[in-house]
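Should a chain be cited, it is by its letter among A, B, C and D, assigned in written order, with residues numbered from 1 in that chain.
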Amino acid sequence: MMILDALLQGILMGLLFALVALGLNVIFGVMDIVNFAHGEFLMIGMYTTYWTSVLLDIDPLFTLPVAALVGILLGLASYYGLIKYLLRGPAIAQLFGTFGLMLFLRYLAQFLFGIDYRIIQKGVLIGKSLSLGPFIFDWTKIAAAALSLLSFGFVYYFLHKTKLGKALRATSINKEAASYMGIQTDQMNAIAWAIGGGTVGIAGGLLANFYYVYPTVGLLFVMIAFACVAMGGFGSIKGVFFAGILIGIIEMLFPVFGQQIGWEFLGPHFKFTLVYLAYFIIVVVRPQGLFGWKQ
Amino acid sequence: MIKDRGFFLSFLIMLLSLFIISTSLYAEEKEIKIGVLYPLSGAAATIGRDLQRAAELTAEIINNKTPGVDIPMAQWGGIPNLGGAKIKLIFVDHRGEPDRGADLAKRLILDDKVVGLMGAYHSSVTKTVSAVAERYGIPMINDSSTSPELTKRGLKWFWRTTPHDDYFNKDLFELLKGLTEGKVKGVKAVPKSQIKNLAYACENTEWGSNVAKSLEAYAKEYGFNIVKGILYTANSPDLTSEAKTLTTAKPDAMLFASYLSDSLLMIRTLKSMKASPRFFWGQDAGFEMADFTKTLGTDTNGVLTRTVFIAKIANVKKVAGQVNALYKKKYGDDLTGATARSIVGVQAWAYVLNKAGSIDRKAIQKACNEINIPANELVMPWAGVKFDATGQNILGRGLIGQYQKTKEGKIDLEIIYPFDLATANMIYPFPGWK
Amino acid sequence: MIYLEVINIVKEFGGLVANNNVSFQIEQGEIIGLIGPNGAGKTTLFNCIVGFHKPDSGKVTFKGKDITGFKPFETNREGIGRTFQIMKVTTGMTVLENVMVGAFCRTDKRNIARAEASEILSFLGLEGVKEYHINELPIAIQRKAGLARALATKPELLMLDEVASGLNHKETEEVVELLRRLNTEKKITLFLIEHIMEMVMSVSQRLIVLDGGEKIAEGLPGEIVKNENVIKAYLGEKYAKSH
Amino acid sequence: METIKDALDFRDFSKAERIGLILFTIFLLAFPWIGTGSFVKAVMIQFLLFSLFGMGWNTIGGYGGQVELGKAQYVGIGAYTVSLMMVWWKIPFWVSMPIGVLIAIGYSFIIGYPLFRLKGHYFAIATICTSLVLQDIFINWKLVGAAKGIELPIHEHPDFLYMQFKSDTYYYYFIMVFFYVALFYMNRFRKSKLGYQLRMIKDDEEAAESLGIDARWCKIKAYTIASAFVAVGGGFMAVYNLYIDPYSVMDLDLSIKIALMAMLGGAASLWGPIIGAAFLVPLDRFLGSWLGGYKGLIGVDFMIYAMLIMAVSAYQPRGIWGIIEQFRRKGK
């Protein structure tokens, strides 16, 4: 029973991890850039929801469009302000460019909003949970999971069914070929950043429903998001989805499982170690990740 | 070619001038300088800011005659035995990094020529800083690190005013024992079977793991039963599995050692699981910070925290109320355990300097070993400040407070333990969340 | 002993057959051309021989030794060198350094490597550009530098991937001349993929033609031009019939 | 003999660079006597230490072009070996440090073998993961002090064997010796067969393979060299700070800092990591020390730091050394 419970909780949490990682993956897929500042995008999404809901006194769930919009704008601003210039350099310079962006955003937030922890107190879902027999689920997490599914559905639909999405995918598969076909790489990149920023903005908005906000909060999630994207395969939407769930399950199930069979070393203090280890093993066996096609 | 050489020269000059500026900025002044190392940025920035505020306030009280505070030092207007010299605190930010702390300690000692050091909050940073102090033979008074090991290292230049974690954990078990004996204000004796099973979750740092170890030891000594103990990774994005493990063990009491971020998440997570232990205790740190109640609001009703200072102490201790009023007026918050400790730290420095009557290192060392600050001059509910041979203050003691909802729906921290200082009836059992 | 033998190589990429049952032999000292329309599987075949791809089935032997599934650096150590159609733009290394890397393949000493590299560069008439970075040079010289790099590993068999593409007429002639000299003076067996028919006809002693992953013809240049299958493959069905 | 001559041979550099090196050496030698304060000296020690780390990283990250972000685990291995051997068996630094280096080499082989199956971003994230896993293991491993870390006993009297001195000046000169050994080694390395092969791999791995280079093996070798360098620095950190814990010697931040300094200074050049450390270490320490204590300015030092990183990455991906070379080319 506990195992089943842990499994379900893990899937809920995993969906959220996947949503956080989704934007990172879209950006990577199109441009081959790992965005270190992704966690800070998340943080800004969270602050957006926090401030709009507190200042305008509306339910945090209704602030999601604002969070998404801010995310999109942030993505575009980052692209045109910095990333475009980084593209000339080698991978490592790109990595550190986004690393600089990460530091900048983090401490800008600290400068503007102070170092206090903030948490949203009021909201239709906040603090409420759903009891189903022996299982108890947090409503905010259920909502987050549902919206995560929705976002995945939307992004998948966008990439596979719309003209723009197809162009985006063409760019991600082969830049040169795409540019021969008249697709403007620059525009595609910007769109990727907009989608990346938007989805992570939504993720931040959802997270703010049950998570505290402070300037370095992104740090907690970004490593998980990295592992998630890399485990699933860079650039694969399907991959990031399943990898997120897998990470959620590993993180939730192993400690419980370990306790049940009395293996203390599997305890909660090792739960993320197990995630990283799982990533390492998976990529060593399958160097392109679970669903990736590029190396 | 010429251009090249020019570049290198200018590069060297730049480097050199950087060094020269850095040294000249800290030119000598005619004050008694105490170097204070706090985490002013980084993950613990919130607490570092509060600590700095409290320390500054205390220095102001000492340096200027402050009416309305019934501590002799408030009327000093400087250190009397040093010709009214003012205390100047030099704050540096170690960001919680031990090696940065050590470097800054060297700066304070050799560049700023401080008379002594204070800080550093994180036990790990205190370790490197005190090693530097020991190497250079500069006295260091530690105000706020609670790792028991710090005073077990045979250092000759290190003193600690605050009680350490072993004291606090012992307090907890005294409270539990008191519950079974009916000593707690407002609660009838509870049968031991109702409170026997304990579970703890401690963060996996040097502090948290020490707390866990000592909880295990005291549980044995006092005849309680630990049904589940977990160490978890600090700053975790998700604590569901930890909370789950705790709740499924169905303990009577849940005990925590967490910094702020984890304590917030833990409460939220347990709330969503409708956890309902009878007793809910946090070992300071996250649980006693101003941000804890500010962020969680009434969700904290009934939560116990160990601390060394509670604003309500003003009811039983006049000076505490006076200093707290000053602090609140200036910064809007009540004093907490951490900030009050910082006050005592600066105060201890003032008394030591006054007793030594000189800024000679040996004289200060001697003064530290002999100092005895009486209880009624402290904001803390302690029996005083007096160091033993290891440098530990043996007269300190802890408090256990409980967050209680007032009629107006606000949250107050009431003293529950020691029993003779209790300011309110204890809410028992823990009301849980609705 | 057969010098290089390729037996029934099959290579598929996700269901797409790139090479199907290709077999042929090369004699020592020959100059062989490998031609075929775009997508015929020429580069894949090269990659299967030198080891960038592992063939799904089939066998490659070199001087009697089975080298199927060898890694590229292993086939190189056996004596097979190769050049690339596209030189990835190198930013960090000069031409000399590039060639030295090749020379390091056979020696550990920097001085020896440098001497050998200089020798090869002067053989190819590249002394003048030795200190330039490759991406600063015109394409023809880049190609030559790539050739020099491969030559520095002292290959017995050199596999050239479109060494003349993108070059003008005069440059192409220079390359042809160079290849002949390599073959006669350095006794290197040459195996080249080429698009430019004129060039490949003039330099090759024998030709192998691939289409759709299969070998459709093999023979002397004169024969190949008249081969029905080849004309069909190159110019389309219609043209072949009317011809 | 020839090796040493090679290591000391700077003839292929421009005259300006050689003069610069000589001036720099004189400056370093004279530095403790210039009369600057101890904080500056401590910063200089950090600078030399991070140059050492950076030069190590430069083998795999700069010359080899691999995005390696897990060097902190080797700092940890070096630091822990020295500390544990000193605490448990009283083994002097000069014995335990080389052993630490050997352990680092062994461990880097074991981890490098699977690691270099990976490429690009998979590799980068895998290096972070291995470092985090090792850190977590040390955080939970009771035998090695777990999260508490290890304190080294403070000796009453200066002790060369255990590297215990009262004044930073001694530490300064020791790290300076390590620094120069590393510098000379790197000077040889960049001209060595492995150095050339790595640069080829960085430019074009396929072409490198076709030139008879076993790319994976080369990368493992470079990774091992880098690890050895970093482990030396780790050992030094232990005796210098007298206290280590998994958070300070194995943190991701440290890994990133090491790579960042080398990259920002100019990867794949001899001077790059040194220049990077010369800029970032003082910037980090001084800005933190100046601005850190002022109210209302929390985070400003980081923002300046961050803007500098962004500016260099965007303007000249080859780092500060790249900018200098660019100007020199223009000057010609």
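Here, contacts are C-beta pairs under 8 Å (C-beta built on N, C-alpha and C of every residue); 3 or more make two chains touch, one makes a residue touch a chain.
Bear in mind that the values here come from a model prediction, so they are computed numbers and not experimental data.
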item: For chain C and chain D, chains touching each; value: none
item: Mutual neighbours - chains that touch chain B and chain C alike; value: D
item: Farthest-lying chain, centroid of Cα atoms versus that of chain C; value: B
item: B-D or A-B - the one linked by more C-beta pairs in contact; value: B-D
item: Chain B and chain D, separation of their C-alpha mean positions in angstrom; value: 35
item: Euclidean distance of C-alpha centroids - chain A vs chain C, Å; value: 46
item: Averaged-CA centre spacing for the pair chain D and chain A, given as whole angstrom; value: 32
item: Sequence positions of chain B contacting 2 or more other chains; value: 41, 45, 49, 204, 231, 233
item: Touching two or more other chains - residue numbers and ranges from chain A; value: 110, 115, 269, 272
item: Set of chain C residues in contact with two or more other chains; value: none
item: Chains touching one another, given as label pairs in label order; value: A-B, A-D, B-D, C-D
item: Touching residues (chain side chain B, partner chain D) in the complex; value: 1, 3-5, 7-8, 12, 15, 18-20, 22-23, 25-26, 40-41, 45, 49, 52, 90-93, 95, 97-100, 102-104, 106-107, 109-111, 124, 127-128, 131, 134-136, 147, 149, 153, 204-206, 208-210, 231, 233
item: Of all residues in chain B, those that touch chain A in their complex; value: 41, 43, 45-46, 49, 204, 230-233, 235-238, 240-242, 244-245, 248, 260-261, 264-265, 268, 271-274, 291, 294-297, 299, 433
item: Chain D partner contacts - residues on chain A that touch it in the complex; value: 28, 32, 34, 82, 85-86, 88-97, 99-104, 106-108, 110-111, 115, 215, 223, 226-227, 230, 234, 265, 269-270, 272-273, 276-277, 279-280, 283-284, 287-289, 295
item: Chain D-facing residues of chain C, complex; value: 50, 52, 71-73, 76-77, 81-82, 84, 87-88, 90-93, 97-98, 100-102, 104-105, 108, 110, 113, 146, 149-150, 152-153
item: Residues of chain D touching chain B in the complex; value: 14-17, 19-20, 23-24, 27, 34, 36-43, 46, 136, 139-140, 146-149, 151, 154, 166, 168, 237, 241-245, 247-248, 278, 282, 285-286, 288-290, 292-293, 295, 298-299, 301-302, 324, 327-328, 331
